[in-house]
């Protein structure tokens, strides 16, 4: 196996979670990169929906914006943004909502709004976008982000998009239709909700990553599942597809796309 | 019937200080030329509505045109922050900016409700989110049939909407295609609507079920080629990704922002002159 | 992913006695072939939803397949009454028919709400009308922002929707164009959806913003050329206005109706054989 | 002036009420015939919207159904039926709603539902269709139907679509946005709402029609305005355009269209 970066491991591990044929509502950036890698490798029939309107997009390079022209050109159809949210997401037709995040907590709740007080913000983040309703209505949610003390926090300043809320059956009590986040994929590991508590625990460590590294880079007292697997390394097909995708993207856009 | 006007005249006639204004266009067909003209005419106290404020509102906010922003995602896509938006929210510069914050699904539904002549929209949203704690406009309704509690949000009904489209015919009928965003809804939700277009043609040659806005549903059509730069116009030009990146250092600093607006917006007579100057500057840079 | 099936198999697999069924198509693309197949398979106790019952439901009601009808305009367009519908409502033949009556705006909104995963729709309707006095499903909601009272109607969420479209590709993606009615909404509001099409092609060649239903959003696609007769399929064949007129005397009388259904529907194996027999009869008549 | 029928007089009189440039929501049958006659004579820029979806239809022959293919082919655009009712009618963009009726009362309320008891009907009529919301939301409403004791009734068995309700300001009290019916055009006369009461009174008699004829053919004690005009006879342009339209329609469809 050739050498690979932790970022590549994260993208490949996330791509593997998308089953062939799944209908996936894709956020821009890391989710879009992983979803397109899945489409170009294990899951050629994954259906990619972007909130700007394209249904069944098959871009050859990564979009830099959520509404790049190539998404429209390669889609089965392009519908108004209102329809995407109304008929397709809220209508219950999305299998997987694929989200990034600025911060996440132990129950998979997401903050993309603000750090510090809302009215006296320390850092003003971009805000909700499509995430709250993707998190609410997709049948299941995957979250992908780089792991650090600043991103995996004990208490979110603001819950923009709900995961398992306060844990346990809180999500059901809120009346949310979807199952919520089923995995958080980082550059260090994969976390999944523990049965019952729905607290995220580490279920798979990426090759070479130690428990200590994960603990150091998590803002809460992260726990490990009874059985912790080691994530399979990226294989040649995956790595080549990912690197070719990034090279095509750089050639087309003058920037790599998907890492912001 | 829409009047075919210069953009300058359309903004003069249809946009007033204090108006609620929506410049819409989701990544595609963003009506940048109109934002420049609002700055040139020094419109003040605008309540700006837009799902993704983007560079087009970073400009208006930094130039002091806005008193309030209603939005759902405020970043420079693929690059980072909107520095003028953040400076206004975090530091009140150049003036305090009231913000009213929604999600995309909410605002998209709110435009649909506005276009539908309804005072509010109903959607499945916000359960478990903190947004309703900071936005008192996010309420709820109960389904009279099932008892389910759903989110209720106020419809968006701007005084003026501005959108950019690919084509108009000489009567002022407008055709757009590709990523449609919420433009049609924003146009129909508004009391007045200005459409800037890439070109005016004899015949739209629209497919039967295409997105067409009939001339009698809009106020003015203005031919402004390139008017969606740095976003794109499908079939005309591509997104100028480098401009989005170049915007970051320009907008990061108050002085460099002011200098840029003075030079490129206030310092040009219209969008054609702006494009000329920008092309010239880019060519100079490339040398 | 939709299966490409014969209509007979699709109806067998996806429509069950007692189901709520919507056969939609507003004047254009009415799925007549599917109604014949429901009669051939003797489906019973169906709750039929459709804005304009038209000949397609006159058939199903007269053939005894329906226990309830949800509708908004029940006539033979350009001709007069639907006699089987009237006979069922006025005289309970062949069995009593419960009716739930709406307006077009109401049902169109109810399909939109169904497709949107909402339990109800909000619209400006029924003030001053007697319809709410005879339909207890017409209620109201109050806008939490303005205090306005608006109509609330239950969304339509059928067990099965059947629509007819022009084309599908071999994967089962469907394209329709022209008068679109509420077909897309009806399809997306349903638990299961059967689409009959004029033809299956290699490539849909759909315009970018065309009305396309992706294969994974529907259950079955069935190639049934002419399946919308006597309505029309834009680009394929025109409305058979004479058949609408000929239907009047056939349906006016119970015996002539029964004889027609026995001969042309129950007496044919499938829609292809029906078309053959009908063409033969018309040719004989012309001689 | 050539001889003309009462039916032609009715259609011509109705067509004249449509101002050039008006956006008109057209019912099938008589309204569609009158609206298209207006478009072909005095009001070439009248915008015809049919509930099936065509906006700006310019058919060369009369449609037999509300969704004939020619409506789509000649329209500026064709939108889904839900959008017609939501964005265009309810959105407040219709100047004139043009309706037929089975029965009408003195306040311009319309019955198209049932004669006799709703649950034990004497005659079951087609029902509401688009009329209730057209009557409610169009800025103004025109009603066209042949006059008789059976159609102009003292008390409707059923109010399908509201006109001026119980008269006076009842319509405003109901919160309805539009002005309601501003004229009823029949084969005998034109009626308009009396200021204040909003009861329909005769304001113009068609040439040769007597007050007695109108009284005989009205199921309520019909009143006449202080000034009753005589409707101008159809001129040659109008008659020729109407007859040519009907001839084209008969040739295309094998039936005249618009009289049902």
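The first chain written gets the first letter, and so on, giving A, B, C and D; residue counts start at 1 in each chain.
Definition applied: contacts are C-beta pairs under 8 Å (C-beta built on N, C-alpha and C of every residue); 3 or more make two chains touch, one makes a residue touch a chain.
Bear in mind the structure is a predicted one, so any value in this text is a computation, not a measurement.
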item: Steps needed, at fewest, to go from subunit A to subunit D via touching chains; value: 2
item: Which of B-D and A-B has more C-beta contact pairs; value: A-B
item: Whole-Å gap between the CA centroids of subunit C and subunit D; value: 28
item: Centre distance in Å when subunit B and subunit D are each reduced to the mean of their C-alpha atoms; value: 41
item: Residue list for subunit B, restricted to those that touch at least two other chains; value: 112, 116-118, 123-124, 148, 178, 180, 184-185, 208-211, 234
item: Residues of subunit D whose C-beta touches two or more other chains; value: 72, 78-79, 86, 90, 137, 177
item: Graph class of chain-chain contacts, one of line, ring, star, complete, other; value: other
item: Every chain pair meeting the contact rule; value: A-B, A-C, B-C, B-D, C-D
item: Interface residues, subunit A side, partner subunit C - complex; value: 21, 23, 47, 55-56, 72-73, 75-79, 86-87, 90-93, 137, 177
item: Contacting residues of subunit D [partner subunit C, same complex]; value: 28-29, 51-54, 64-69, 71-72, 78-82, 84-86, 89-90, 109, 113, 118-119, 121, 124, 126-133, 136-137, 158-162, 165, 170-171, 174-177, 253-255, 257, 260
item: Contacting residues of subunit C [partner subunit B, same complex]; value: 117-120, 122-124, 137, 139-141, 143-146, 148, 150, 152, 154, 177-178, 180, 207-211, 234
item: Touching residues on subunit C, where the partner in the complex is subunit D; value: 26-28, 51-52, 71-75, 77-82, 85-86, 89-90, 101-106, 108-109, 111-112, 123-131, 134, 148-149, 178-182, 184-185, 211, 231-232, 234, 238-239, 241-242, 244-245
item: Subunit D-touching residues of subunit B, taken from the complex the two chains share; value: 1, 112, 115-118, 173, 184-185, 188, 206, 208-212, 214, 216-217
